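Input: structures, listed below.
In what follows, chain A forms one complex with chain B and a second complex with chain C.
Here is the complex of A and B:
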């Protein structure tokens, strides 16, 4: 028996919006410690890693480890029918082939019940090595979304370079070039507006706009986003989900064509 | 020609080994293409009103058109192709080659007859059967590939064997051919339909040898014996033993020697002087160039050279050729996207557990109000 209850169903909605660009379906691994999802997009360029801790839920029970394979478009349909501020309870029997969602409205006496078929999916488990990143940039998530959106108009890829002066995003294409520089700024009154750069070594890496833009869909989840970079290692973009866990994206860099 | 009915057998007994994918998922991969096979495809498929494309002197250019445009398509998708040409056929293939020659002679006769009768559909059909890849065709292609900056390799013997050796050595990701014997030679990944025309919208089939062996519960040695039993290019097989019987026999007896001891020789007479050991040896130790000594280099295309080569007496349209070259340069110019699985190791895959027959059983309970009653859905551990 698996049961998880969350007072604010909107968080789930936001998580779904943040991953359904990259993934069509996903296998949610439910265990005693929480719910996890790890999946690569179709072309094996990026990876989504979602971790929701069990103690972040208002009620959590998982007797046996369970894999819930779901079509994310269908799941989004279910959550679309939930109201603002609804409480959601997710339930599945052991060995079940469906999962049920119950939404309780806050203001009125209304309960909606949805049941969705599960899917049986191929799962590829990836081992992610621990990396000592040379640069860790923490910045307002809305700022990140804005910069990526603006620069995407100039080219297909964005160069992110981090030096001790700050971090620079640049793109170039047929119409010209664009550069955005951010220096470290610490704002004590509004911590979420701070830009914090922790640099061991300067790094410059190139990434495809398409994916960076998809990651920005997670902006509503968190005020801040963390970009971790290291030479020849995928970029990690992390959104912390307050009190519940995190949503991380990994993205393989673009490499220069000369090694052959 | 590959192994008789192997695709069908795999679809029956090991359905999970065949995955259908799209071309764009192979970006960044190095893929060896069986050149003789793809040239043959081009000669058959690249036609206009049933006849091969030719220049004013009647020399065929279908193979060049095919090689030019489809290689560009691969490069545009970020794939790094390397073409592998056949060398001398192994001696043991003589029998098979003789048979093919007989078939050609028959087709020629049928063609003459159809011409006389004036039956256009029949003429087209037999015309296609008479298609042959000549040394000339291969040499022209090699020249074109060199100008395009795409590497090619001349295998000492069978191209599939050379591809398989390179896959095994980790030099390339997969072998692209329609011949199933690339698996028998030990190529871990086999891609089919890779060089098909875009217009046909055929999904690419990706077959993994390790999954084949796991699903069939065979070792590579047993798999080779199975292929010989089913019928390969190098030797005859036993009459009356088809795919189904072959796999049963291999599972029971493990090797051809033991099968021969146990089967009723009157009912299933093995071919005279059956050289299955020779065929086995060809599959296990084929004549290949050591993959470590091969250097693969994708270089800058030679625009003027290509225009001269294609637009000269081969009469390609210069505009189209220059357009194609532009695409080539664009594909080279941009930095390539790396693959995530190049950084992270795949720890293992949990295949979907539910089989087709389980699904049928489950359908009624799916509609049940209480959800699954706990039966059916396999639990991945």
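Here is the complex of A and C:
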């Protein structure tokens, strides 16, 4: 028996919005420590890693580890029907082929029940090693979304280069070039506006805009986003989900065309 | 020195025949060695019944090594993907396989767990094959012969061995017990021959490996320790013939002498070779 109750169903809705661009379906691995999902997009260029701790739920029970394979578009439909501030309870029997969602409205005496068929997904799991990153950039998530959106107009890829002066995002294409530089700014009054750069070694990596843009769909989850970079290692873009866990994206770098 | 003749009928127990001969020749000062090496029963059973030993825990480490070796994960993981897309030759980079616009795939960095993870049986099979290879190649790496003043030659580790590592083969001529007995009688007449007859049982059949002949192989020179051995003997089928291999029982440090239990517990042998007790 699996049962997880989340006071604010909107968080789950935001998570779905943040991943359904990259993934068509996902296997939610449920254990007593929480719910996890790891999946690559179809092109195997990026990976989504979601971790929701059991402590973060209002009520959590998982007797046996189980995998809930779901079509994310269908799941989004279910959550779309939930109202703002609804409480959601996710339930599944141990060997069931369906999962049920119950939404309880905060103000009204209204309970909606949805049952969805589970899928048997045969997904590849990647072993992600621990990496000592050369640069870790923490910045406002809205700022990240903005920069990526703006630079995407100039080219297909964005070069992120981090030095001790700060972090520079640049793109170039047929119409010209664009550069955005951010220096470290620590704002004590509004911590979420701070840009914090932890640099061991300067790094310059190139990434495809398309994916960086998809990651920005997670902006509503968190005020801040963390970019971790290391030479020849995939970029990690992490959104912390307050009190519940995190949503991480991994993105393989591009090899610059003119390198040799 | 007067030798016993062959007209003494061979009794089923080899040691007794020897003992008789010893008494007859009266040569107690330097007895032709009447002890033999026996694969102890406990070893033997373990060997025959239990699962093959594990050299190293099946390693989930692969992810770490893969990290520095993208090439491996490439070939492993990219099954089913089109390989014909613009292959880029970049001199400095390791990534020479398919890329669209230089875009690399995540699977080049992170190993797919399913393909890396092996079933227990494949892990064991691989270990078995590795052992067979070492036996065939006559591997004797990281060992050296040293002369000890009290017990003659012995073998010392020249590198660190981990518990479960293959150390050396006890190589010699494989024979059945009948021939072994004949040979043992023959050797008994030569006091310099020493004892290198290793009796063991494999799948219920008794065999003996005779390493009396000086061959330059190291297995025959490994000394005995009953109380503090750091090797155990295992039988291994190589090309349908049983072979004896000595495996590290514990971690062995560089410079330590390698020792195993000869297994001979008979009173007879102990009398003549009191060191067998230790």
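Just so we're on the same page, the second predicted complex is superposed on the first by the 255 of 260 C-alpha atoms of A that agree within 3 Å, B and C clash if a C-alpha of one lies under 4 Å from a C-alpha of the other, contacts with A are read in each partner's own complex, and residues count from 1 in each chain.
In this text, a contact is a pair of C-beta atoms (placed from the backbone, for glycine too) under 8 Å apart; a residue touches a chain by one contact, two chains touch by 3 or more.
Predicted model only: the values in this text are computed from it and were never measured.
Chemist: Name the chain, either chain B or chain C, that contacts more residues of chain A.
Modeler: Higher number of touched chain A residues: B.
Chemist: Let me test your reading of the model: by the given contact rule, A:234 touches which partner, first (chain B), second (chain C), both or neither?
Modeler: Both partners, chain B and chain C.
Chemist: Thinking of the overlay built on chain A, is A:74 touched by chain B (first), by chain C (second), by both, or by neither?
Modeler: A:74 contacts neither chain B nor chain C.
Chemist: Check chain A for residues that touch chain B in one structure and chain C in the other, and list them.
Modeler: Common to the two interfaces on chain A: residues 40, 43-47, 124-129, 156-157, 206, 208, 233-234, 250-257, 260.
Chemist: Quick check on the complex: what are the chain C residues that touch chain A?
Modeler: Residues 60, 62-64, 66-67, 81, 88-93, 95, 99, 101-114, 116 of chain C touch chain A in their complex.
Chemist: Okay, in this complex, where on chain A does chain C touch?
Modeler: That would be residues 40, 43-47, 124-129, 156-157, 206, 208, 233-234, 250-257, 259-260 of chain A.
Chemist: Can you list the chain B residues touching chain A in their complex?
Modeler: Listed in rising order, the residues are 24-25, 27, 80, 296-298, 332, 334-354, 362, 365-366, 371-380.
Chemist: Note which residues of chain A are touching chain B in the complex, please.
Modeler: 40, 42-47, 67, 69, 92-100, 115, 117-118, 120-129, 156-157, 206, 208, 233-234, 250-257, 260
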